[in-house]
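Consider the two complexes below, in which subunit A is the common component and subunit B and subunit C are the respective partners.
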Partner chain A sequence: MRRPLIYLGVPVLVAVVLLLTGGVLGGHSRPAAAPVAAPTDRLADSIARAQDRLRTLPKDWRTWAALASAYVEEARVTANPTYYQKAQGAAQQSLTLHPDGNVDALVALGALANARHDFAGARDQARAALAVDGYSADAYGVLADAQTQLGDSAAATDAVQRMLDLRPGLAAYARASYDLELHGRTDDATALMRRALDAATDPHDIAFCRNQLGELAWQRGDVAGARREYTAGLAADATSVALRRGLAQVDAADGHLDAALAGYADVTGRAPTPGYLIEYADLLRLVGRPADAMTQLSLADAAVQLFTANGGVDGLATASLDLATGRAADAVTAARAEWARRQHVDVTDTLAWALHAAGKDAEALGYARRVAGTGARNASYAYHLGAIEAALGQRDAARADLTRALTTNPYFSPLEAPVARQLLTKVGS
Partner chain B sequence: MARRSTGPSRTGRWLFVVGAALLGVLVLPAHPASAHPLGNFTINQYDGLTVHPDRVEVTAVVDAAELPTRQERPLVGGDPVGYAAKACRELADSFEVRASDDRLKWTVVSSSFAYAPGTGGLETSRLECALRAPARLDTPATVTVTNHYRTDRVGWREMTATADGVRLVDSPLSATSVSNELRAYPADLLSSALDQTRASFRVDPGVGASAGPAAVVTPRGSDPLSRITATAERRFQLLAGGHLTPLLAVLAVLLAILLGAGHAALPGHGKTVLAAYLAGRRGRPRDALAVGAMVTVTHTGAVLVVGLLLSVSTALAGDRLLAYLGLASGLLIVVVGGWMLVKSRRHSHHHHHHDHSHSHSHGKLSLAGIGLAGGLVPSPSALVVLLGAIGLGRAGFGVLLVLAYGLGMAGTLTAAGLLLLAVQRRMARAGWVARLATRLTPRGTRRRATGTTATAALVVLVGLGLTVRALAGAV
Partner chain C sequence: MKFSSTSSRARRGLAVLATATVLGGVVYGLGPAAANASSHREAPLVAADPAIDNTDLYAFVSPDRPDYVTFIANWQPFEEPNGGPNFYPFATDAAYNIYVDNDGDGKPDATFRYTFQTIDKRGNDTFLYNKGPVNSIDDPNLLVRQTYTLESSFNGQPFKTRIKDAPVAPSRVGPASMPDYGKLRDQASITLPGGWKSYAGQADDPFFLDLRVFDLLYGGNLSEVGQDTLAGYNVNTIALQVPFKDVALKGDAKRNPNIGIWTTTDRGRVRMSGQPDASDNARRDRVQVSRLGNPLVNEVVVPAGLKDAFNSLSPDKDAGIPAVVQRVTDPEVPRLIESIYKVPAPAAPRNDLVEIFLTGITTKAGGPIKADLNSQLNNADVDASKFRPSEMLRLNLSVPVSKNPNRLGLLAGDQQGFPNGRRLTDDVVDIELQALEGAALTGKLVDALAAGDKVDANDNAFSDKFPYIALPNTAAVNAKAGKTGAAPAPAPSTTPAAFSNKDSTASTVGYISAGVGAAVVVMLGTAFLFVWWRRRTMVPADDTLPL
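Then we have the complex of A and B:
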């Protein structure tokens, strides 16, 4: 009889089982003091994961490329350009390991080129990537950004559409929304950005969508709506510089000048880019502090100088700065050079405005009309066109365009909106 | 290292062990850019603490890049000495250190400020402050450090801590500065910028080696066995990625078998269930072999499927997937146990009419269930090897290694089963056990039924345990 023995084995087994399950259950308890990163920060999480993985598998070219793309994103989100160098290094590492047909690395380099304002370079990288893999949604994203900035509106729309077809989602919606905005379809752009917001879970993504929605509301002159979006965005990501700047802009429109000044001081402290510094200087001039405004403009000058010294070219920032400091001829030179490189609507508008400032209104009119021809609904563009027309004595056209500027967004610029009103009364009489 | 790069990843302990062990190996040459290495916007900070029995001293350095330096210039004016004193005072007021909840009151011992040439004809600047505060650290105390100084600015934020005359315990801070006090920033492509703004550690009286940041690097489960396995796993993963010669390939396969065997020897993997099953159902060596084969097939399949899913989708988190598979494995064991339980009850009521071959087919099903449960959860290291091999265009070799790994696992499980059967047989031969058992259980039929019921209950219990563990991991 062996059966009893089997039965007797049971108590022994009980002990074994208890020991093993005890070991299993106890062995996996997590250390209490583990510094676990916030689980919602998906970007930081994916960077940490890729870094971990590459320490183990340093030859994994796909992860090197993924890390490069994540670094570009991190630089955008944190406004820390250090990550551009890291992104470059990681993408090159990927290409060294796998030189042929490395779509991921080409896409990462393209995104990096876009971030560094080398839009032609980005376009070429995207095309090279698409030659290898014609179904890469990310490559179409890079191409769409590059073509948009280069001013090839048809090619940009096409790339956005391909991206939407291949992978509808946050990234495609956001790009499509901007494309619609540039074509003056502000309502459709808003609807699409709302869809993008619905798809967003990461705080940085939510902040991005809210900022775009705030911009769109602002362009319609909906100051309260813009404030709502910016505030909601800051609730998701309190560190966002772009949202803080939007709020400062809204504060200025509402007449809360002290709050606006404090906002801009914060923004330019954290991200002293020429654009923000020029806006801050405008506001300082408005409140009668020209000396402080000059300080900010000299800082903007230093920022442009640094950008140029590091091998970057940003004719748009240079021209804007020249305009803000009253150097019209320099502004024309810089804007012309930038326009030769790319015909984005902002560049065309800046060139027109620089020509107007230099007294070349006949030439300016051509560019300003070209801007209007894109259909973009932007108060500033309309004001520039109206002012140029007024200077040329075309009173009816000027009246129409100035009125359009002030009905689109009566607050479009703290300095220029009052000038537009004066000009309108002048041409209207 | 940075907050973002060292949080013990939830990817599983093996990945963590491997990641931590290789930390800092891959240092690439610095980028040849002439600009401030950390970007023109940055305000970078270093705070080095030295803890004494009666005081704390801090060396604070603020390295401002070109634009912040320019922004500060109006405040400096023509008086760098006065500016340095003022800035150091401000820094001291924002640098919060508490020793057992008492906030230290800093005295600025010295301060200095200097410009250095930067890019584009601009300058960078360097502020240095020496701070000192009395503190009673001759008895055990907890020190917490929180830096509030300009934390809204983009920049590198580094802290170090050393002790003189006391001992630091569980300090998360390094004893030396990786940036040489903001003079040379590491250009490692695999590390994010440091962002240390808070830390806490214990200070014990007495002199000795301070337990430094080793605590951060030491992986969980740092017993010798785990450490040896970790080393072996790292070799294994490097083998799959490195330059491959036939000899190396054979070595890698052998190593994979060994690792699989070692992996299966760790708790889990249904060994308990297998043992209980074999013991309770009077298993044969054939059953042990069957379970082993089943584990190999299931594990290889699971690794391949999960590996494929993970390499196709980036949105899918590997750790989550593993947790769900763990859950499925636990539930499967519960089902097998439940099945055995139902059958044993039925057996006890109708055992006269029971058809032997029928019972045998039930047994096969249960065995398959146990094998399935044992192999369902892919081992993270096997996954890493497969993904790595796919990434390197060596998918075939990766599959081979995973197969070898599964064979190793099967070997251990089969061996464990056979060992158990051998022990059982020995016990059967020992007469006293039989006598004892007979005395304890008067009637044979009930005895047998109760035995199977108890075994089945045990299997359910183990299954529940595994399910709870998987749930704890998944949530």
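Then we have the complex of A and C:
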């Protein structure tokens, strides 16, 4: 349901104002500028060139579409959602100028729909593009992203393979790597990202590869390896929010809590997404600052409501926030609704965890087992399954899954990992 | 406008939202774009991948070595020579291939495969290319260097390594860093057993044109041409010189002088299943990601919806795609020209264009051009039953080197020039523009196109010895004040051969009449607009946009 933000109420406005004043966000210390000129930012250059060109040749529909795609990329690398509307406008302009068979514009609109979490819409755009050009690797990329998020694992893998068959390279390797990761093939996923990194020359692309490699190292509990990747990535692109967040995560795991808090303050200042804000709140609770944690959760609430009020649907963020604020029943409602739309493993896991929080462990178990059935090697998923089994009195299964969680990544969450250890002791005795 | 990345931007964006909120719900209708969703994994879609982008192919009989053919293939356009940390390696996960088909079946009879390795000694301390002057190809001050392996395969035999660890000439990052680049070029120009010569490294982009002629397609005009749009930019070049006998059918270039050439870039295939397909042979285990033969091909021969398909096809498949053939026989560009300049488009089907792009100029394929110039069908030992029309650059090795090459090539009666192979000095765009002027079918010039793109020669002089291409530029293109365009043209001929009194010279393969030259010209002219548009500018989210 769309409704004007004005009706959202005073608490949200307060939160927004807090977000604006920056007072609660802490210092936004930025990495020191490199001593020499950084390599060219090809993405920014391509946007500037396209804009210049369109000023003199406003009927150039191909450049409009290229500009739209570049804006979607810019939104990704800067975590700045205002580029989405620019992308929308540019793609629509391209379609208006050239309505028939405009693969470039359809691909741009599909990528945009994915970025906005309209995964079904993205899938349809990708199919429309492929109907015109069945050899478009970019269209298969959009389709792969959409099917992955919708939870159609087989269709996603098929789209990734087609992309690989048409145009192997960073974009295809990245999607293949994630697909392998979701199937628990972490080593293969890592090998492919290494290959992508070897081929990458653009600083943003290098940053992306390093972030994925850091994430993969993190997932197997290799904190030092993850730190190496994040640090190397930030050397290529000091502005990357994702890498900064990764570094904050390993700082927390290494017990450098001040550094971790400063990192999250920087990250959430630049990209106030619900996910980052909730992680920041977790960390603040860990260090005994519950009031500050609540502030971050208020900001997360504001961010979710802003997104929802403007027509977006993100039940995963809503459910995660409900869980973080102890509203288990609301979390179940949100997670159920999201799961009806898409069955990505993250959604399934969140639904299981929400049901557990609401005391519905019998139902939760089915979803948590479904998560385990994907083969994904993720400590958090294993912990959730183990905790649900423990609540149901299935001690052997709980012991196995909690052990699996803690051997996969003993640092998986600053709040939940200690709980997992306690629980393991309890079921192990 | 370029947006700088600052930590305050997100807050500023929200400030706007908050203000709007306070002002009464103006936020409504902004769409979900106005706020971030929770993050999900997002990967680059249009990743910068210029290193595998074919731009141009040249093939010509070597002026200083008349029994040797030279292939020059370029990748990665628009390399800005502004030094510092920007340098332009060849991709190490790709293979760069030059193919020769001497029997016309659309399949390679000779394959030259270049693969590259990077030696990176920067460590974590710097991302600079060099830490001091680079005075030799193996100077330790050069922190990032590349080497290459050249392998070759003939007639389907296994690949043999011709050289390993050959040096790549570095990106030229300025006179202070590389005071004598000519020396580096010389050290990277190597001679191999069998008389082969090979070079891989940076060069001035030898192609010269004003890309703005292509703006016609989007409502622009020709009033602003005359600037070599590629002046000052560099490319990555692979140059290879081999004796005729290594590429001619049966090793006999006298009986079989005609060859077809194309280049590709490919990468290894990746399978999600992790299981190699047992039916796959080595060739199918590679994925072709880019292809280039004729400079005029991409939008002329290939329909928009098939451009990705075309880049993935091998030439022997071309004729099996009806849409490709139809595009050639009924091209779009002449209609566009008609709408703008009121020059009637020649009537379809354009079987003349089929000859240019798909068969070579020959009387043996049923085409309308009454001449035999450069089709493999004219090789004495060819098996005509295996001939497949296919898109490639065709060269007759027996046409002697012109003493005074004419930039307008075949159309000015210089049979050594494009579309008989392609020399560095051939003015391909003006050949096509002249074709429109020449309008042999109408006898009427198109005034607006009379001067072509007004760029008649490259900005930098070519060399008279291998690898012939000019040294890389060192001045930043975008810092140049008042770019003034090209050097003076070498005796430009503005009159198509069809309207001149000059006779074409006889060649060993037959007499090409002036009329044929003009016919060729018209065919090409129909095609001129799209070519580099696609190659040079249509790579999205990349700095190859022309402005």
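Following the convention adopted for this analysis, the second predicted complex is superposed on the first by the 390 of 429 C-alpha atoms of A that agree within 3 Å, B and C clash if a C-alpha of one lies under 4 Å from a C-alpha of the other, contacts with A are read in each partner's own complex, and residues count from 1 in each chain.
Keep in mind that, in the parts below, a residue touches a chain if its C-beta (ideal position, glycine included) is under 8 Å from a C-beta of that chain, and two chains touch if they have at least 3 such contacts.
None of the values given here were measured: they were computed from a predicted structure.
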| item | value |
| --- | --- |
| More subunit A residues in contact [subunit B versus subunit C] | C |
| Contacts of A:Val72 with subunit B and subunit C, given as first, second, both or neither | second |
| Contacts of A:Ala115 with subunit B and subunit C, given as first, second, both or neither | second |
| First (subunit B), second (subunit C), both or neither touched by A:Ala154 | neither |
| First, second, both or neither for A:Gln93, with subunit B first and subunit C second | first |
| Partner chain(s) touched by A:Thr295 [first = subunit B, second = subunit C, both, neither] | first |
| Subunit B versus subunit C as contact partner of A:Ala235, first or second or both or neither | second |
| Touched partner set for A:Ala271, first subunit B, second subunit C, both or neither | both |
| Subunit B versus subunit C as contact partner of A:Tyr178, first or second or both or neither | second |
| Shared subunit A contacts, counted only where both subunit B and subunit C touch the same residue | 2-7, 13, 16-17, 20, 25, 28, 30, 34, 36-37, 44, 46-49, 51-53, 56-63, 66, 74, 78-82, 85, 88, 239, 266, 269-272, 303, 306, 309-310 |
| Partner subunit B, residues of subunit A touching it in the complex | 1-10, 13-14, 16-17, 20-21, 23-25, 27-28, 30-31, 33-37, 44, 46-49, 51-63, 66-67, 74, 78-82, 85-86, 88-90, 93, 239, 266, 268-272, 295, 298-299, 302-303, 305-306, 308-310 |
| Interface residues, subunit B side, partner subunit A - complex | 3-11, 15-16, 18-19, 22-23, 25-26, 28, 31, 33-35, 37-42, 66-68, 70-71, 74, 119-122, 152-154, 170, 172, 187, 189-193, 220-221, 234, 237, 241-242, 267-268, 271-272, 275-276, 279-280, 282, 314, 384, 388, 391-392, 424, 427-428, 433-434, 436-438, 440-441, 444, 447-448, 450-451, 454-455, 458, 461-462, 465-466, 468-469, 472-473 |
| Residue ranges of subunit C in contact with subunit A within the complex | 1-3, 5, 7-11, 13-15, 17-18, 20-22, 24-25, 27-52, 80, 84-86, 89, 91-94, 124, 126-128, 215, 218-220, 267-272, 274, 287, 289, 304-309, 311-312, 537-538, 540-547 |
